[in-house]
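Two complexes are shown next, each including chain A; its partner changes from chain B in the first to chain C in the second.
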Partner chain A sequence: MKPARYLACVVVVAVCAVSLSANWLAPAGSAKQFREVPDSPPSRTHLLGTDELGRDRFARVLYGTRISLLLAPAAAMVSTALAALIGGLAGYLGGIWLKLARAFTDLFLSLPWLFLLITVRALMPLNVSPLVSVLITFLILGLLGWAASARVLSTSAHALRNSDFVLQARASGLAGPRLFFIHVLPNLKPVLYAQFWISIPVFILSEANLGILGLGVAEPLPSWGSLLRELEGLLSFREEPWRLVPLFLLILVMTSFQLLLSNEEVTA
Partner chain B sequence: MLLGKIARHFASIAALVLLGGLLSATLVRLAPGFDADEREFDPNLSAESLRAIRAERASQHNILHFYVGYLRGAAHGDLGTSRALGQPVLSLLQDRWPVTARVAGIGLLLGWVLASTLAFISTFWQRPACEIFGTTLSGAFLCVPAAVLALASVVFNSPGYLAIALIVFPKIYRYARNLLAKSYALPHVTAARSRGLGELRILARHVLPVAGPQMIALAGITVSLALGAAVPVESLCGLPGIGQLAWQAALSRDLPLLVNLTVIVTLVTLLANSSADVMIQVLRPREA
Partner chain C sequence: MIGRPASTRRLQFSFRAQQGICFLLLLCFGFSVAALAQSGGQLRFCLRTEPKTLDPLLVDDEASLSIRYLTGGVLLRANRHTQDLEPELAESWRVSPDGKKITFKLRHDLHFSDGTPFSADDVAFTIKRLTDPALHSPVGDEFRAAGNAVTAQVIAPDQVSVTFPGPIVGIDRIFDELVLVSAHSTRKEAAVLGPFMIAEYKAGSSVLLERNPYYWKKDPQGRRLPYLDSIHIDIQPNRDVEMLRFKRGELDLINVLDTDYFDRLASSAPQLVHDAGPSLDSDFLWFNQVVTAPIPDYKRGWFRSTNFRRAVSEALNRGDLARIVYNGHAQPAVGPVSPSNKFWFNSNLKPEPYNPQAALDRLKADGFHLQNGVLLDSGGHPVEFSIVTNAGSKPRERMAVLIQEDLGKVGIKVNLVTLDFPSLIERISQKFNYEAAILGFRNVDIDPNGQMNIWMSSAENHAWNPQQKSPETVWEAEIDKLMRAQAETSDAKKRKQSFDRVQQIVFDEAPFIYLVNLNSLSAVSTSVAGANPVILHPQTFWNAERLILTGTATAKR
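Up next is the complex of A and B:
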């Protein structure tokens, strides 16, 4: 492993570990209001100051990081599973199924990603509890983000369909779902892993975009998107630099993911 | 042959748009709250008026009837009325489309100029410093959410199209650079270089004809990227375009408007992709 990739791995693990220990590092929680010190600058008691409602920014960053960093992989898992099912099966079956799946993925891919996200998000109720809003946001990402991966997987599965070992398995009498699940799907694992890792940073960025636009995770639950929304009121980036901490953290994690994913995986 | 391919392209576009429209209509119909109408809470309305409102909605219960009605209206230039803004969708589109076309168009052009210049420089001179600079710059912008770039554009008082340019630039740069690097690595380019051909001639005669078709295809795809980037940029920079309209429609759950916008944006991106494909087909025979 190259030193840069090793460093990136350490950064991602460290950020995850710190966010997972939010309960110990910020026991007051992300929603507790310190009404006597609203909108205060960093101090010993509040390392990153407090927001307009008097909530500790440091605690909100920790809890927000936890939500974004844990749920983006969960959404990536959903989208990869869907891609494996739709793309893998279509590629394996070939013929009309492959054409249909490709037409469907073309339709999904021709829609600008943010347009699709905000349209489907708007179809769901907007005034829901914060926990439901988290689930809706990441479920939408998972359910809509499968198309690009499905395209790659359908090509790989189609190539496997005519490979020697599949032909031999077929000649031995194996057919249908058993052939797919025993011989085709396990051989798609490397492509599936690559698609899973590629999806994570895409979903982290998408959640951030949705959050800034007010269509992501609902208050009072924090996420990187809702924390970045605070930047909307900034008149200058020099004014209150501590408000940029969530952005720096997001960029740090995104850079680490970019370094972890090789160039070939990104362009695949 | 070429005309047949073009006809097939347009037929597939029409099929995809019809399928997309049906999918959108189904989603709208099944969305929670579709049956609710705020007018029913108006105490001034008589029982007869309420019955008329319910009868109007009852005709939309069947998804196919709802979709056929929408298509019939669309064929006559009636895309419905925005619930939140109370204006015909068609007039809203006519007002807003020029703003998006200008902002996204200039942004896309700037993004292409910046990305292709950097990609050409890094592959043409093949100096590690150029490569590192291009990769770092594109990587940096790739890590920043589009909405943050839009907010930065507000803070620095820069035009919205600059934010769109910076959003699309890293994606174009990465693909363009890889395409050019792969084309430069081909054996016939090495052979041309060994025979003493000038770098500019190699680029024009041996590299661009190989990378060109894929660059054109990339150009088609980037239209979709620019339209997607228009949502946060127009919303946060206060530009009254399609992106801002979509955002407002999403916040007010104006589903008919949102679905119309999505179908139209899909149509534009499909047309851009198909135009790129047709252009590649037109250019190919000349290469041979």
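Up next is the complex of A and C:
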């Protein structure tokens, strides 16, 4: 393992571990409002100060990281599974199926995803708990974010379909789902992994974008998106540098995710 | 005769010389101040949106309203500072006892900005054009409130009367919005009677207004107004950019400032910011009471209960909303009229005090009870509802989070949802698929007649239960009756009595739970003399004709 990948791995694991221990590190929780000290600078009681509503910013960063880092991979898994099903199967079947799948994928890719997300979000039921709203947000991201991966997977599956070892397997009498699951799918694994890892930062950023628009994870739960929203109107970095912590964390984790990918996965 | 020593004479000479120099300097300074006042310079500020129209009769948005205010001439003007009506192009006016007719005596020797003379013909022409249904003028709607047959009769070149088919409440006040256009000028609506005229308009970029050379007003020294040569208005939706440009001295004022920006600016340059006190704007929470709304019956029962609504109102800490969300630049709200609306505010009303225990007592009267910190209704349903508000409005989102915690203290669980504005409007006004909402009104009219479209039970903006065929509750029927009563008389005292009662009913029944009245915040550069920000639009440049730019600002550009 290259040192950079090793370091990235350590960063991701460390950030995950710290965020998972939020209950111990910030027992007051992310929603508790200390109304007497809103927007206060860092202190011994509030390591990163408090936000505009008096909530402990350190706690919110930890809990927000936990939400974004747990649910973005879940959404990535949903989208990769869909991509494998649609793109992989279409590539394997070839012919009209491949053409149809590609046309459908292209259509999906051409949709303005942000407006699509906003529209789908608006159609969701209103009276749901914040936790359910988080799940809904990331599920929507997962269900809508499969198209780019599907395109890559269909091309790879189509190449595998015409490869020598698949032809040999076919000549040996193997066909249908058996051939797909025994020979094609295992050989798609590097591409699937790559798509999975690439999707995670994309979904984190998508949620952050929705959060910045006020349409992400519902209050009072924090997420990186809602934390980044605090930077709105910050005219000078020197004014309150501690407010930049979520931004630095996002950059750090995104960079680490990119470094985690091997060269093969990047080229895949 | 004993002569004075030479040294003393020199000293005296020197003293006199100094006196002379000082006098000359003072004289020069005096001249320069006068010259500055007369030389004008260019005032610069930003509008946040593009004006939708430059036709004064079609104005319906704030940006167009600003341009219209600076360029248009009106017969009567509501003084933004005193809130009183003052004569402008009309020297005097008289309203008939039945409230159907208003007669104006016009000033003499007035001209439009292109030199065309102004006369009663122009008033008649404007009224005719304004009330033409084909024009779809939003201002015209107010004139047609009693029917389409609005006529203007020219009595003499300096006298004109306008007759309405029925009595119009505040008949004189609606003329504050009627900008007169020329009947004879070839430049049509580009010929104006206001202090400035449009010299250049770059769509999406800027509007340049120049001094109207024919403007009629003069200052007490007889100098023709306005003092400014021109006004350069940039169209700039980004508030950060607006603030940066103001700080760099590229802009002279910011008409409406958010609390965050206000405080930031106040910390570095307190002399630049102005808090004019509570504005007419208010934010409020309301519950969906529509009978056909797709919500469970037991929830509709809560929302239609006065006790439930009042209990929610009592459980809200409005002081915290004003202090935390608006950094103290807001006041706990009482009702539909802001305390700054000097005449119409019902001063007997006080903001609902924060009292969670009183809220619980009131809820108990309706069969609600607490169980393990959760409020249950008489049927055992946990009290839980969602509040929607528009995404992107940070103050409302923040208020919703504080409300969520306040109501949590009386066992009510609140789920917050932010929606893009079109989706929100569709839900609250067409599908009625929501439980509670937080929004606000941006009032521009101090007269309650402008709120008819909210308080009448048949109105579209009767948000909690709109477009009722007949009032569904006794108190809504009473509000309908009172609103009609105030609209049918021109007796200000009777109107005030009626609307005071409306405010009392709204307070008692809490169909809208008023949260805060936002303060009117603005910023004005020290290089602008004569600015006196007020709560009414246009807050900082309502007296633009009397604003003076000092030398520093002019020199910088």
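By definition in this document, the second predicted complex is superposed on the first by the 251 of 268 C-alpha atoms of A that agree within 3 Å, B and C clash if a C-alpha of one lies under 4 Å from a C-alpha of the other, contacts with A are read in each partner's own complex, and residues count from 1 in each chain.
Everything that follows uses one rule, which is that a residue touches a chain if its C-beta (ideal position, glycine included) is under 8 Å from a C-beta of that chain, and two chains touch if they have at least 3 such contacts.
On a predicted model such as this, the values are computed, not experimentally measured, just so you know.
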Partner chain(s) touched by A:Leu231 [first = chain B, second = chain C, both, neither]: first
Partner chain in contact with A:Arg35 - chain B first, chain C second, else both or neither: second
Chain B versus chain C as contact partner of A:Asp106, first or second or both or neither: first
Touched partner set for A:Pro190, first chain B, second chain C, both or neither: neither
Touched partner set for A:Gln258, first chain B, second chain C, both or neither: first
Partner chain in contact with A:Ala218 - chain B first, chain C second, else both or neither: second
First, second, both or neither for A:Gly95, with chain B first and chain C second: neither
Chain touching more of chain A, residue-wise (chain B, chain C): B
First (chain B), second (chain C), both or neither touched by A:Leu126: both
Contact residues of chain A, present in both the chain B and the chain C interface: 118-119, 121-122, 126, 213-215, 232, 235
Chain A to chain C touching residues, read off their complex: 31, 33, 35, 38, 52-54, 118-119, 121-122, 126-130, 133, 213-215, 218-220, 229, 232-233, 235
Residue numbers on chain B that touch chain A, as the complex places them: 12, 15-16, 19-20, 23-24, 27-28, 31-33, 139-140, 142-148, 151-152, 155, 174-175, 178, 224-225, 227-229, 231-232, 235-236, 246-247, 249-251, 253-255, 258-259, 261-262, 265-266, 269-270, 273
Complex contacts: residues of chain A adjacent to chain B: 103, 106-107, 110-116, 118-126, 205, 208-209, 212-215, 228, 231-232, 234-237, 247, 250-251, 254-255, 258, 263, 266-267
Interface residues, chain C side, partner chain A - complex: 239-240, 243-244, 258, 260-261, 264, 320, 324-325, 384-386, 388, 391-394, 397-398, 400-402, 404-405, 415-420, 423, 427, 433-435
